[in-house]
Every structure is written in structure tokens, then in C-alpha cells.
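Here chain A shows up in two complexes: once beside chain B, once beside chain C.
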Partner chain A sequence: MKNNKIRKLFKNPVVKAIGTQKLIAFLALISLYVIFGMINPAFRTYSTLVNIFDASYYIGLMAIGVTFAITSDGIDLSIGTVLTCSALVSGCLVTKYNVPIAFGLIICILIGALFGLLNGLMISYMKLPPFIATLGSMMLSKGLGSIFTKAQSITWPQATAEQGWFRCIFKINQNDILIPTGFILLMIMAVLASVLLNKTRPGRYILALGSNSEAARLSGVNVAKWKTLAYVISGTMAGIAGLAYASIYSTILPGGGGGFELDAIAGVVIGGTSMSGGYGTISGTLIGVFIMSILKTGLPFIGLQTHYQQAATGIVLVFAVFMDVLNRRKKN
Partner chain B sequence: MKKKLLSVLLTAAMAAVMLAGCGSNDKTAATGEPAETVTESKAEAPEGETAEDAQLGKIYLVSKGFQHQFWQAVLQGAQEAAAEYGVEIDFQGPDTESDIAQQVNMFNNALNNNPPAIGLAALDTEACLEGITKAQSAGIPIVGFDSGVPGAPEGAIVANASTDNYAAGELAAEETYKLIKETIASAASPVRIGVMNQDATSESITARGSGFVDRIKALIEADGKTVSVEGHDKWVDKADGADVIIDVAVPAQVTAELSSIDAQNLLNKADTICIYASNQHSGEGLVNGDANLGKLGKDIVGIAFDSGALIKSAVKDGRLAGAVTQDPLQIGYKTVELCVKATKGETVSDVDTGCQWYTADNMEDPKIAPNLYD
Partner chain C sequence: MGEIILTMKGIDKSFPGVHALKKVNLEIRKGEVCALMGENGAGKSTLMKVLTGIYSKDAGEIVFEGRTVAFTNPKEAQDAGIAIVHQELNMMQQLTVAQNIFIGREFMKGKFIDDRKMNEESKKLFERLNIDIDPAEIMSSLTIGKQQMCEIARAISKDVKLIVFDEPTAALTETEIEELFKIIRDLRKKELGIIYISHRMDEIKVITDRVTVMRDGEYAGTLITKSCTKDDIINRMVGRTIYETPKEKSNIPDHAPVVLKVENLNAGKMVQNVSFALRKGEILGFSGLMGAGRTETARALFGADKKISGDIYINGQKAIINSPQDAIKAGIGYLSEDRKRFGLVLDKTIVENTSMSSLEKFTKGLFIDRKKEEKTAKEYIDQLKTKTPTAHTQVASLSGGNQQKVVIAKWLAKDCDILIFDEPTRGIDVGAKNEIYHLMNELAKQGKSIIMISSEMTEILRMSDRIIVMCEGRKTGEFLIEEASQEIIMHAATLRN
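Now for the complex of A and B:
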């Protein structure tokens, strides 16, 4: 009896429209927040919420970008170090070579886009497997960033400095006013990405070639061009994520960035995007990223140090993918 | 035929690149590690250089990394000494201060070049042990700097050029206690002092942590209050129902986000009255972590170490009550000096490069200002 009721729930059109895995992820997100808030009232404050947001901007932006790469039946391992490289190089130009900050912001995004283009060309035209190609560009960007700044770290201008206005894009924090503007930016990016993926021709082509590359090619889709676009988007978002990181944490370390891509990919997978390509959900990605952010920020509130967060994310990830596997098995 | 031709061409290209790399002696050689960076400093030998000095081989200095500007100041001091003594130095460091394996590789590679002397700031002495013993048997003197090489076998390290980190931690404790004495004395319920250490393995960090914890515990107990030390297995002295809790936080890895979260965690606890950060990285983590909460300088006293643009501005505007600065220029300078002396067979001994307490009031002092790098 109970089985039938549950089956009926899954067949409910609203649930189907949202997507079962995404719904479960969303409910998990809300429950985590409520549970942490109940265990420790200090968690429920506005400033903690802003802390959670702060920690999620750079991962969220990267995750939105890499959703495109994963949807095209590929992967992008370079986003973490591309984030660091773009932020390092543009930050160095601003602080050491007196380039105006406005140009610095644009250059940061451009560097990300360039690495994305490199990835796209390697994967689409040189036919390198995505894992290998992006592994190569990951190491390349890590080295180039260090070489450009001579292995020195770069500290972006403070909020109070003349060039510090760029921080307002992600957070306004003056005279007791605290507004997480980065959240608005993240939402705008998410909406744009979602529309691009689901409602425009390039997006639908990426979905098609991710689902069945050969069929797409035979249907006349220029697979190489659209696959390259997926990686350009991934790289560009990594560049924007570099700005987010610089705005919140100020200092970019040359050795940093390694590992960020795994956080982003974990967010994407928890949110419901399939690793085998053909299906991508931006809203799911954001939910996955926020789940990880809440775990990262909230576990210390209930007495567990950050190492527990890493273990917890691993468990959540495996669970989420298992749900996806079950879902697909049911469909077949 | 085509495939064979292609593979022959590729092999030839690889060989050509390798030969080109080996051929250039005075250019920085790219090693196998991806992001390893090596800074070479060719000394401007002054006129009338003696033949012996010019023949001294390259001295390698393996530091904990380049990331924080602190090390740039050390490098600057080392370069000054290299120019004065007419020697060549090679200042290296791993990507991050968590990359112990990378540092061990660098150290071993340096040894393979048979240098006259090596400077080492070990991320973890145990990991470098094999190289250290090798250096000792080959007769290559090792000069420790900054963290030095604590626990190394007898005689392997000929001298150290560093801050007495334990004393520096004690200095921080004494200045901090002056600021929180009243709060502790008049507190009705237990209060908390946070201690942020970026790791629990390198000498400089652990000594500064222990120096602070031991000294402030002694000061608090001298005034009749009880203390409990908890939070990390390395600094543990739990006592139930204590008046003051010293809470030590060490992040899983040395990254900005994790340190920021450690800081937020301490800042959010209702009973925290003071937080001490034992180096530039933790200090910046503390200031970043407070960005949204705004408690530093108001409800919570913040103490940091070293400088850098972020910490300096926080000290200036009062978010941080003060910080302890080392003398990175001297650390670099003395290290090279000790290396040169050791190579010439002179007796060398440890040099304490000293530390000073600075606040918004004395930051501009001529004795303190030169140490406050950006």
C-alpha cells in the first residue's frame, strides 16, 4: 500500500516537472538549515547567512560554468586553477602595473575565457579526451599564474581603497549596512545560464551532443563548435569566480585553486546534472552548491571542525549519485 | 610511414627542448614539478673580488613558500647579503605551506647539486630527515631559518637565524593580557580566548602558539582564575568548569577559506573575548572572517602576527589591537651570512633576529616601520 502511495507521489506532475533529485536536494538544503539553526541559535543570524553566501559565490559561479561542460558529456578540471590564474594575473596588473581596476576586472574574465577556448579547441578539434585536456590546462594555468607574478601572492585593493569599489559587486559592507549583492549576481548568472541552456539553440545543441554526440553530428549539428562553446562558458565563469574570490578573501595564493574544481563538480552532481551528459540543471547546481556551503559553514556551529565537512560532502555526493543511478534504472 | 615520421620528429623535438634546457646555465631551469618556482640571484660582485669568494658555489635556501609577503622580505634580506658577500643564492619554496612533499623534493634536489651550504625552513622536520642525514654525512652545513629544523639530528644544523618564536608568542601574551585583564577579572561566567594556528607541525607556528598559551595561562592563574586549554590535540590541558577557556583552532589545510571559517567559528561563540592569530596567514583569516560580523575591535580583542597590507590596515583602524612583527629582512640576511661563514669553517651560533609589538600608535616608529612590509 505504502509503495503505491510513494510511486504516485513521484508520478505527481509537479514533482516530475521539478525533477525528483532536485526536489530531494532542495528539501535536504532546507532541512539542513533548519536543523543547524535549531541546534545552535547563533547559526540563524543574518551575518551567518551572509557568511554562507560569501563562501558560495566562487564555487557557485564555477559550478554554473562547469555544468555546461558536464552536460556536453565532458568534464573541466581546470576551473579551479584558472580561477587562481585569472585573479593572480589581473590582480598583479592592477596592484603592480597600475592598470585601472575596471580593465583589471575585464582582463580577469577574459583570461578565464581564453583558457576555456583552449580547452574547447583541444577537446573539439584535437579530439583529446576532456579529462586529459583539462588536466593539462589545469597544470598550465597553475604554472602560468605563478610565473607571471614570480610566485608572489597578490592582494586586491581593500574596500576602503580608491580602487576597491569592485567589492561592492559581491558585498556592500559600509556604515553598518551589509548587503550580499553577490547573491543577486549569482541569481542573475543562474537565470541567464538556465535560459541559455534550455531555451536557446546553442544550449539545446549542447544538450543534444551531450546526450548522443554521433546522432547530433548526423543531424547536422556542428558538434565541434558547440562543444567548444560549452568550455568557453566554463572558463569564463571561472574567471568571474576569480573576481568573487578576490572580493571576499583579498589574497590570491599562487599555489591555491587546486581542489576548487572538485567542490564545484560535487555541487553540480548533487544538484542532479548527470555525469553521462545530456541533462543539465542550473537550479539543481545552485542547490548542490548551497548544500555544501551550509555544511562548510554550519558544521563548526554544532561542534564539528572543518575536516568533518569534507567527509560529510563525500557522503552526500555518493548518496546523490546513487539516487541518480536508481532513478535512471527505474526509467529503463 | 607517416606515423613513423611523426614519432621521429616528436622525439627529435623533445630531445632538442631537453638539450636547450640543459644548455642554458644561467637561466632558471624548469624542474619536473608543475608550479615550482625558483628565484635565482646572481650577485653583483663588487670590484676587487677575491678569487676564492667568486668560486663559492650556489647556496640554496629552501623556504616554506613564497605566498606570503613575509617571505618576499626574507628574500630581499638574503639578496642584500648575497650581494655584500659576493655569493650566488637560489631561494626556493613550495606552492603552499601544506606542500611538505614538494619541499622535501626541493631540498633533496638542492643537495644533489652539492652546494657549499643550505638554508632550510622546514615545514616538517621528520619528512626532511633523510636529506638532512645525507647532508650531514656529505659535510654540507645546514643553516636553519624562520622555523628552522627543530628535532634534527645532533650537529646537522650548524646555526639558526630566526625569531625566538616561543618568546614572540610570550610577548603577544603579555601585551594581550594587559588588554583583557579587566574583562577576565570582572567576568561572571566563563570567557574564551581563541588561538588560530595555521598548522601544528612547523616550529615557528607551534612555538608561537605554545609561547602564547603557556604565558597567558600563567598570567591568568597568577591572578587567581582557572584555565582550560582545548580545541586541538597538540595543546591540551582540559579542566572542567574553568574561568577561562583557551580554544585552539587549526585548519585542515593552509587555505584562506578554511582559516576564515575557523575565525568565524571563534567569533560566533558568545563567550569569546579575544582571538590571537599566530602568523600573517591566520591574521588575514581572522580579519576576513570578521568582515560580516564586525566584532573585532568592539566586543572581541584581536591580536595578530607579522604584517602585510590587510593586517596593517586592521591595526591602523583598530580592528586589531596590535600585532607582533618579526624582522624578516634580518632573517634573510643573517641566514646567508651564517651560510658563508660556515662554508669558510668559522664557528657560527644561533642568531635571534628579535620581535616587536606594534599598535596603531607606534607603527610609524623608525625602529618598527621598516619591518612592516606590504
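Now for the complex of A and C:
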């Protein structure tokens, strides 16, 4: 009886259009927020909401980028350490070499884009498997960041400092006014990415080659070029994520950032993007990312330490994908 | 000649839409090599799959060593003493020769594998077959010919009584073939029953004692090799009644301009010095047996595979084609024999597949003009009579014939003037087949030029204005439709160097 209702729900055209897994993820997101809020009313405050947002920027930006790499039937493992490398090198230039902050921001994004280009070239033209190529650049970026800063940690200028205005990009916190500007930026980037993926030729080609790259090639699609672009987008977003990280968490440790990429990839997968390429949505990715930041921010409110977040995310990840597998099996 | 080891009598097998085997008979004796011949799709492999239990038969009887048998899986057939040496080798490349031979039935010393014993046993086996291979060698370091001998050794090691060779010489060199024949003669002396499947007429004459011919899923007689000629065999292979009338004469005027000229195209072993020309409005058929190099020629021409040398002229102008992009720019479209892998992005919609090659036409500024894209796709759905619920249906859910129409629409949307149809009706049912034929004729009438690769003789004779025949990577014949016949084409298709 109840089972039938659920089955009917799966067949509902609206549900179909959104995608089962994404819908489940969205419901999970809402229920998590409600449950945490019920257990501890303090969770429902505005400042907690801003905290949830704060925790989502760098993962969210990375996840939006890596959605492109995954959709092209690849993977980008380098984004976590590229984030750190960009933030370290550009932060070092700003604080130690007196480079103006505006240039620092641009350099940070450029470093990400360059690593993305490197990944794209290795994968598309040198024909390395994406896993290997990006594993290599993961280690490379990790090492380069430390070398450049001579293994020193970098602290970006504080909000009150002359060069601290850049923090307003992600959060305005003055005279008791708290505005999560980063959330607006994240949304803008998500809309842009979604438009790029769904409404333009590069997006169409990335989806097509991710689904069947040989058929795309024989249709005259320049597979190498568009695949490279997917990694450039992934790297660029990691660079922007570097800015978000620097703005929210002042100090960047050399050698850090490893593991961020897995959080971002988990977000993408929870959101229903196919690991075998050809299908992906940015909105799903955002839902996945917010589930993780709600867990991260919310678990302490119900008396569990932050490290429970890792375990909880793992369970959500496996559960979300399993529901999708079940649904697919029923279809066949 | 020895006593009968295998009798297959009245074997019948149907698949949805295809009557693959119609009351087929086959008789194999101990100590003889019996060839099994027939065109592509005559039912040779299906018959062998029924024998070894991969398919179940609908009717008929199989008697093996005096016992009625009905194997339900290949393992049972193996245990009874029937082995197949496949055209594609089934070897684990990173294991040693001996490990491959005894895979699944390793010699054990307590809980551990006894590699030394396996090497010794392999060595004995090779000595019995007069083969010089080191059992401890890694499989991948052997030539294809040697690997095949290992496959034979593996079959023999299981106390085999009947051995089937499925096109064993396809990948072998002349000397390797000689060695293989020596082994086969040896096996014959040991009173094994041997079935030898091959397209190579001269090998059949050298190595076999009798020839059983199949045609369109039917038994077409058995001949004694010594007392028959190559033409006798060919006549049995093609002696079918053609229900569909072949094209009687070409509709292409002599002055029709040449739109594509290929000169001395070379690409690997399968494409050697191929030259031909294609006229405007013409349907040029490419005939030949499996592995003749027709698809490889098309792929090299289309830039899908690397070519070694050769010139291509489009409308008299030399064209540089190094990638599918170049070919498409020159106005060539390729419809692959394997639509699902190479022709379509299955989980995308008809609209998206239709515009795949011509997306630049449907862009407005940065964005894809979805309305225009959909309108074009719908126009082709109407024009080609594609049966689909909507234009936004995933192509994966369409039938073979309708999928083919989507591929055609893709190239028409790109305004390609030269279309290469590789097996245009493979996997398409009879009704839809006629529609595709009609479409191709229609396109030719509109001035498109078509290269049609086909393994079906009736299709070749019904559609082509001119026919090119290939055998083992070389062009071995070119006939106007007026002078072509099944016999002439099959003769050219079996012309080896």
C-alpha cells in the first residue's frame, strides 16, 4: 500500500523531470534542517544559517566546477590542493611582496585555471587517465604551494585592515549587520554554470562526449578541446574557492586542502550527477553541498562533535546513490 | 574414413523475427576435417553455438559418440569432449602459458598452486603437438600464431574428441598457417573429429576432406573436397532464389560528375592501395566477406582512423582529411555499422542527436536556439517518417530502424553530400528495411552520393549502381550492376593473393 504510493510518486512526471535522487537529496536537506531545529532551537537562528552558508562556499564552488569534469566522464582530484596552492601563492604575494589585493584575487583564480588547463592537456592530448593525471597535479600543487611560501602559513589581511575589503565578497559583518554575500556569489556562479552546461554549445558537447565520446568524435565534435575546457572550468572554480576559503578562514596552512576534493565530489554525487558521465545538474550539486554543511554545522548543536560529520556524510552518500540504483533496477 | 562421431539432424532455431537455422544437418567422422562454409549470416556460428550449448535448439537431434545429447552450457560440451578454438583468443595476457592452459583446473600441492607441475604437463603437451613454446613464458610475449597454438593445446589437454576451428587463420602469417595445418593433420591422424570454419577457399582445398555448405540458415549440401571445384562450392553458397528483384541497370548518366575520388588509400593491414570514384547521385556498393576491410576503408576515408597514405579528392579538389571534423567539413557523413556505439549518444534526445554535427547552425550568440533546433528535428522526423512519441524522446528507446533515421537526420542537417552507409539495415526488421532502402534511393535521386557497405548479397544487388568487391584489405573487383551476379561477386570476394 505505502510501497505503491512511493512507486507512483517515482512515476510522477514532475518527479521524473527533477530526478529521483535529486528529489530525495532535497527532501533530506529540508528534513535535516527541520530535525536539527527541533532538537535545538538555537539552530534556527539567523547567525547559524550564515554559519551553514559560510561552510558551504569553498566546497560549493569546487563542487560546481568538478561537476563539469565528472559530467565529461572524468574526475578531478586536484581541486582541493589547487585551492590551497592558489590561496597560498596569491596570499603570499599580497602579504610578503606587496602585490595589490585586486591583483592577488585575479592571480588566485588564474593559478586555478592554469592547473585546470594542465589537467585538461594531460587528459585530452597526452591521453592520461583522468584519475592519474589529476592525482599527479594534486601532489604537484600541494608541493608547489609549500615551496613558494617556504612552508610558512599565510594569513590574508584581516577585515579591518586596509586591504581587507575583499572579505566583503563573501561576508559583510559590520556594526551587527551580517550579510552572507558569499551566498549570493555562490548562487550567481551556480546559475552561470547551469546556463553554460545546459544552454550553450560547450555544455552540450561536454554532456555528449561524457555520454559517448566516440559517437561525439565521429559527429565532428572536437572532443579534446571541450574535454580540456571541462577541466579548465574545474580548476578555475577551485581558484575562486581558494578566495572563499581565504576570506572565511583567515589562515592557509601549506600542505593543507587534501580531502576537500572528496567533500566536493561527494556533494556532486549526492546531488545525482552520474559518475559515468553524460548527466549532471548544478542544482543537484548545490543540494548535496548544503546537506554536508548542514551536517557539519548542525551536529555540534545536538551534542555531536564535528568529526561525526564525516561519518554522517558517508552514510548519506551511500544511501542517496543506493536509492538511485534501486530505482534504476526497477525500471529495467 | 572413420566412424561417425557427431550427427546433427534437423536442427531448427528461431530468434524473434529471424529463422536462423532451418532443419540443418551436419555429420562429422573421426579422423576427418570437415569444412563448414557459407556467407556472412548463413548460420555457421549459430549452428556451432547450438552444438556447444550456448543456444538451445528449437527442434532436431544431436548425437555425439552414439549418445543423444543436449548441452545446456559450454562447460557441459567441454566435459563431453567438444572444444572450440575461437577467432578471438581468450587468453589472459599477463599469465604464463602453463597458467593459461590449466586455468580453472590448476594442479595443487596442498593449499598452494603447483606451478612446476603445470609447466611439466604443458611441456609434455607441446611435445605431443610438436610445438616449441616455453610453458613459463608470459602469454603477451607470444605472437598471435603461438597464442593460438596454446589455445589448441588447452583444448587438447582436456581429452577432446571433437574440435571446432572458427576462422583460425584470420590473424596468422603464411608460416604460422603452415604450422597450424601441420597440427591439424596431426590431430586428424589421432582420430579426432575436426570442424573447420573459414572463408578462404584455397585453405579449404588444402586442409579439408569434405565441405558442408550452409545458405540462409539452411543445409545446402555436402561435397567431397577432392572431387569438387571452387566454383562448385560458390554455387552452393549463393544458389539462393532472390525474392527481391535486383536493380537491372544503373540510373547514373555517364557524364555525372565524380564527387569523390580516392587514390591508393592505405591504412594498416586491412586497407591496401584502395582506389575508387563515386559519382553524383550514385549508390556505390561495397561487397565482401567478413574482415575484407570495407569498414576500415570507410573509417580511414572519414578520418576516424589514421591512414598511412593515399589521396582524396572532393569535387576534383584535393582534400586533407585527418579527423572526422575534416571529413564532415568536406561534406562526408558516416553512418556506422554499430549505431549504438558510434552513431548515437543513446541517452540523449532525438533533438540533441539531430543537431550534434551542426550545432553551430542553431546558436544565437552564446546560446543554443532551442526552438530552431526543435523545429529542424521535427522537420526531419516528418520527412523521414521517424516513429517516436516526441522529438524529446531518448534515442535509446527507439527501434533500430528509427535510430538509423535519427543518424540520417544528423547528416542531412549538416548538409552532407556524400553519405557512407555501413551495413545500413543491420539489426533492422524487414518492414523498416524497405523504408531505409526507399530513403536511400530518394536521397540519391536528390543528388546525394552514397557509399553502401553491405554483407547482404541481396541488398548489394538491389541497391547498387556499381559494386566494388574487397578481399583482405584489397579491392578485388569492380562491376557495373548490369554485369554483376552473385557468383561473380562471391568469386571476387574470395580472391586471395
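Quick notes
Just so it is clear, the second predicted complex is superposed on the first by the 323 of 332 C-alpha atoms of A that agree within 3 Å, B and C clash if a C-alpha of one lies under 4 Å from a C-alpha of the other, contacts with A are read in each partner's own complex, and residues count from 1 in each chain.
Simple rule for what comes next: contacts are C-beta pairs under 8 Å (C-beta built on N, C-alpha and C of every residue); 3 or more make two chains touch, one makes a residue touch a chain.
What you see is a predicted model, and the numbers here were worked out from it, not measured in a lab.
With the C-alpha superposition on chain A as described, chain C and chain B fit side by side in the combined arrangement.
In the overlay built on the shared chain, the residue A:K199 is in contact with chain C alone; chain B does not reach it. When the two complexes are overlaid on their common chain A, residue A:A208 makes contact with chain C while staying clear of chain B. When the shared chain is aligned, chain C comes close enough to touch A:V221, but chain B does not.
Look at A:K96: by the touch rule set out above, it reaches neither chain B nor chain C. With both structures placed on the common chain, the touch criterion links A:Y279 to chain C but leaves chain B unconnected. Looking at the superposition, the partner that touches the larger set of chain A residues, chain B or chain C, turns out to be B.
With the two structures overlaid on their shared chain A, chain B and chain C come no closer than 15 Å at the level of C-alpha atoms.
Chain A makes touch with chain B in their complex at residues 42, 47-48, 50-51, 54-55, 139, 142-143, 145-147, 150-153, 155, 158, 160, 171, 173, 176, 178, 248-251, 253-256, 296-297, 300-301, 305-307, 310. The part of chain B that touches chain A in the complex is made up of residues 34-35, 37, 39, 65-69, 72, 93-96, 99, 249, 251-252, 255-258, 260-262, 264-265, 268-270, 284, 288, 291-294, 308-310, 313.
Against chain A, in their complex, chain C makes its touches with residues 302, 304, 324-325, 327-329, 334, 336, 341-348, 352, 356-357, 359-360, 363, 366-368, 370, 410, 414. Here chain A touches chain C in the complex through residues 195, 199-201, 204-205, 207-208, 211-212, 214-222, 278-279, going by the rule given at the top.
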